[in-house]
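These notes concern the structure reproduced below.
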Amino acid sequence: MRHALDFVLVTLVLTDLVLLGSSRLTACIRLVAAQGVLLAFLPLALTWPELEVAAMALAASTLLVKGVAFPLVLERAMRDARARREIEPFVGYTPSLLVGLGMLGAGTWLADRLSADVVRSPLMVPVALSMILTGLFFVISRKKAVSQVLGYLVLENGTYVLGISLLSETPFLVELGMLLDVFVAVFVMGIAIFQINREFDHIDVDQLDSLKG
Amino acid sequence: MNPSVTFGGPLATALGLVGAPLLLGVINKTKAFFAGRRGPPLLQAYFDLVKLLGKGAVYSRTTTWVFCAGPIVGLAATLVALLFVPLGGVAATFAFQGDLFLVVYLLGLGRFLTVLAALDTGSSFEGMGANREVKFATLAEPTLLLALLALIRVAGSPWSLSPTLGNISTASSLGTAPVIGLVAVALVVLLLSENSRIPVDDPNTHLELTMIHEVMVLDHGGPDLAFILYGAALKLWLFATLLAGIVVPVRTGNLAVDLGATTLVALAVGVVVGIVESSMARLRLIHVTHLLVGALVLAAVALLLAVGWSR
Amino acid sequence: MSPSLVINVLWLLPLVAALVAWRLPSVRAILGVILAVVVVLVPCAVWLVALSLRLGRVTAASQWLLVDALSGFHLLVMLVVFGLSAIFAWSYFGAEVAHGHFSLRQARRFGALWLGAQGAMTAVLISNNLAMQWVGIEATTLLTAFLISTHTTSASLEATWKYLMICSVGVAFAFVGTLLVATAAMHAHTGSHNALLWTELLAAPERLDPLLIKAGFVFLLVGYGTKAGLAPMHSWLPDAHSQAPAPVSALFSGFLLNAALYCLMRYLPVVEGAPTLTGFAPGLLVFFGVVSVIVAAAFILFQTDAKRLLAYCSVEHLGIVALGLGLGGVGTFAALFHTLNHSVAKSLAFFAAGRLGQTYGTHDMNKLTRTLHHSPVWGTGLFVSLLALVGAAPFALFMSELQVVMAASHRHAYWTLGLFLAGAAVVFVGMLRRAIAMAWGGAAAATPRPGFALLDLGLVLLCVAALVTLGLFIPPGLNETLVAAARIAGGGR
């Protein structure tokens, strides 16, 4: 399963990078949904060939929440707000790609320093940390509220991978709790977007600037 | 390290010297097939070369020796580089620690002289072409280096191209497949951009404003143009065989089989390029940057992954 | 009464009440339930604290829940803040109902979220499992987000969004930190399923991997520091505080920030105990504390909105608490004492600013003039609370800040001391100038004066009396709790 695991991890990194380089919100939402589906494989790949109930439950709920529910909520929010594209991000797409690369480097460096040796694949911790940093950068550099939620999701996906890779003993309970938390968070953010859209007629976060100083 | 000379290396180099223009013919035939034309004969590139070599050259009085040196150095640099690039599992004529840097910078030297020659004409069009060429090269060169370094890390070999490609085989490639895949994608983009193919540049265009490479060599004629064309063919061959050696690693140990397989795959790469050219339009210049940065990022990801592996 | 039952009641009762509040038929009933919950819980908490002081610690739910002096002290502070805010909400929303600004729907949402937040904060305080503690903090973020936009306006939604985004991201970082600490714990206690229990971590901190703990604490500090409003992660705080209704602002400043800082207090002795890390965590806390004081001082000078002024003042005071924690020794005691004092003073300040804002129709300090004349009760409340907040004697904040100064000079941390005093001096001048202008300056406002209510007077008198009393002497029971709590947070330093 090591190869399958590596394949999933590499694909996660690539989806991150493609996300940084895309402007269409629909595409971005699909990419994050794809990440959610990929994440569902991780608990199975780690416990293979035994099929633990906890792992399967986690995989199923990850698939359901990250792969199905979030995209639906976000696409709904996007449609309501009639926002199709991230028009002018604070950082352009090409520089964003390079920043994403830098984040991957930073994640590798940090993982190297930490030298946590419980991981199944040497890629897991670097990939997780780079996803966390990329998510943070995405939240900071984009203007649409939906994009910011997407960045938050990438960040949370990173912590998911980190949790799975670090907590070797009983990770799945913690992960399930985490998943529930993120689920509620995205739901709350969805409601907030809905209200913002109703109040402002747009979801451009950079125009939320009446409060200063 | 002593340069290792075997029988296979010179044979591979000779194959490249002879076969390179054929690759152009394959691409053009493929394009003609998809366009529903009969197209030029497979060996048209050879005919062109012979024809051009037989002609004289006219030099503008504003040009200097740099203008003449461009095509010659360009061809010479590519020729020398070819001596260091293995044909799949068949080691190159020469190999030493760090030869990949020599290869990358020989190609860079060739480009540099071509650009200087273009600037030497003082023509604004050629200057514009040179500008674009250099702009894209600043992204393409690090990509090539990173991709090769990633390969070396994966193969766990000394810093030399021949043993690296020799170590990549079907047996070991399952675990390293992600890295190899990323490097291959990056190399495909590089192949298209470095050899001025669609979607980066259109080799058939006649509109100077949209050209990149072609516009730089507008003022060259006769043997000079032949050198340039031959050099370009060699460069294409170099990239195609490199790609073929990675994607389909046939490493039987039998010289004829290895050579034949890699050559065939290289010709297949030509077919793929033809298909790409038939099915795509040229990208807007601003998107070319995006594409090349993408390739750079892929190569860098490959390198980081490869480093992560060997930890 | 069994202790574990009482501990469970502490966090379950608010949650049950939240569900009840969702269906109550009138605004007054909802506000009553909010108050009643506090009234029921105060004796429970006091009893538990007394018990934990006698036994050292009280645990429940197979060690997942824990009450010791540190959590007990914070529980009491929390109940004080919730209690005062609940009383104030009665008067504040009462006025809004009279003007038709507060519908039953809004009240139900407010009540459910308020009680839910109380339950989540209690869970944070009494959780012995560090992951559950994190879940509690995340839950408070989500539950309190829509409290800010109780009145749905564009500005309040903007504040809600910023709060939601910044704190969610920050808290995600805290999760990474928790994971790293958990990993270190697992390496140290292989085979133990309770690696995330704080008591387990504290049992043998010298076996923890210092690198993991170090990285973990940095992530935790950034994460919980965001929620606690430490500069430079404080950017959500002024917006949220200024846009929320006054009782919610008081709740945010009075306890939400402290809850996040409390989480860091739990990690402090663990990090201090890890090999080669002595002095690492306190150093960071001192740094962030001083930065918070200075940043707040710089921003306070230019504020025109009364509630934003108070919000930056919170950044300053949380900075002082962090500074005290970082200095250790008497500083830890001072930090905890300061937590209580600040919560009471800041609650009163927000109550007064909110109530005055209601009658003036603005929080602009240039228009909030002659408040003493306009409303003797709330004008006095605002002026006295601002006096207390700038650290004037004889109020309790003066005492706790003095102790922080003493701790700094004990440690010979003169640079820190100098920067802190400079910042505090700027805050003193900047806020006092505003306080005097609001109390006496300008022309009398033309708006109708608020009616006099005994409840308001009682609330203000209660807060002022508490601040003065605590400034003059600390009751023995409180002193004992504080000393025990400081011993836990300080790790015996």
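As written, the chain order gives the labels A, B and C, with residue 1 at the start of each chain.
In this section, contacts are C-beta pairs under 8 Å (C-beta built on N, C-alpha and C of every residue); 3 or more make two chains touch, one makes a residue touch a chain.
All values reported here derive from a predicted model rather than from experimental measurement.
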Set of chains whose contacts include both chain C and chain A: none
Far-end chain from chain A, centres as C-alpha averages: B
Pair of chains joined by the greatest number of C-beta pairs in contact: A-C
Chain with minimal offset from the mean of all protein Cα atoms: A
Where chain A and chain C are represented by their mean Cα positions, the distance between them in whole Å: 31
Whole-Å gap between the CA centroids of chain B and chain C: 65
Chain centre separation (chain A, chain B; CA means) in Å: 38
Residues on chain B engaged by chain A in the complex (per definition of touch): 174-175, 177-178, 182, 289-290, 293-294, 296-298, 300-301, 304-305, 307-309, 311
Chain B contact footprint on chain A (complex, rising order): 2-3, 6-7, 10, 13-14, 17, 21, 93-94, 97-98, 100-101, 104-105, 108, 112, 122-123, 126
Of chain C, residues touching chain A in the complex: 131, 135, 138-139, 141-142, 145-146, 149, 152-155, 157-162, 164-165, 168-169, 172-173, 175-176, 179-180, 182-183, 186-187, 193, 195-196, 211-212, 215, 238-239, 242-243, 299, 302-303, 308
Chain A - residues contacting chain C, complex: 110, 113-116, 118, 132, 136, 139, 145, 148, 152, 155-156, 159, 162-163, 166-170, 174, 177-178, 181, 184-185, 188-189, 191-192, 195-196, 199-200, 205, 208-211, 213
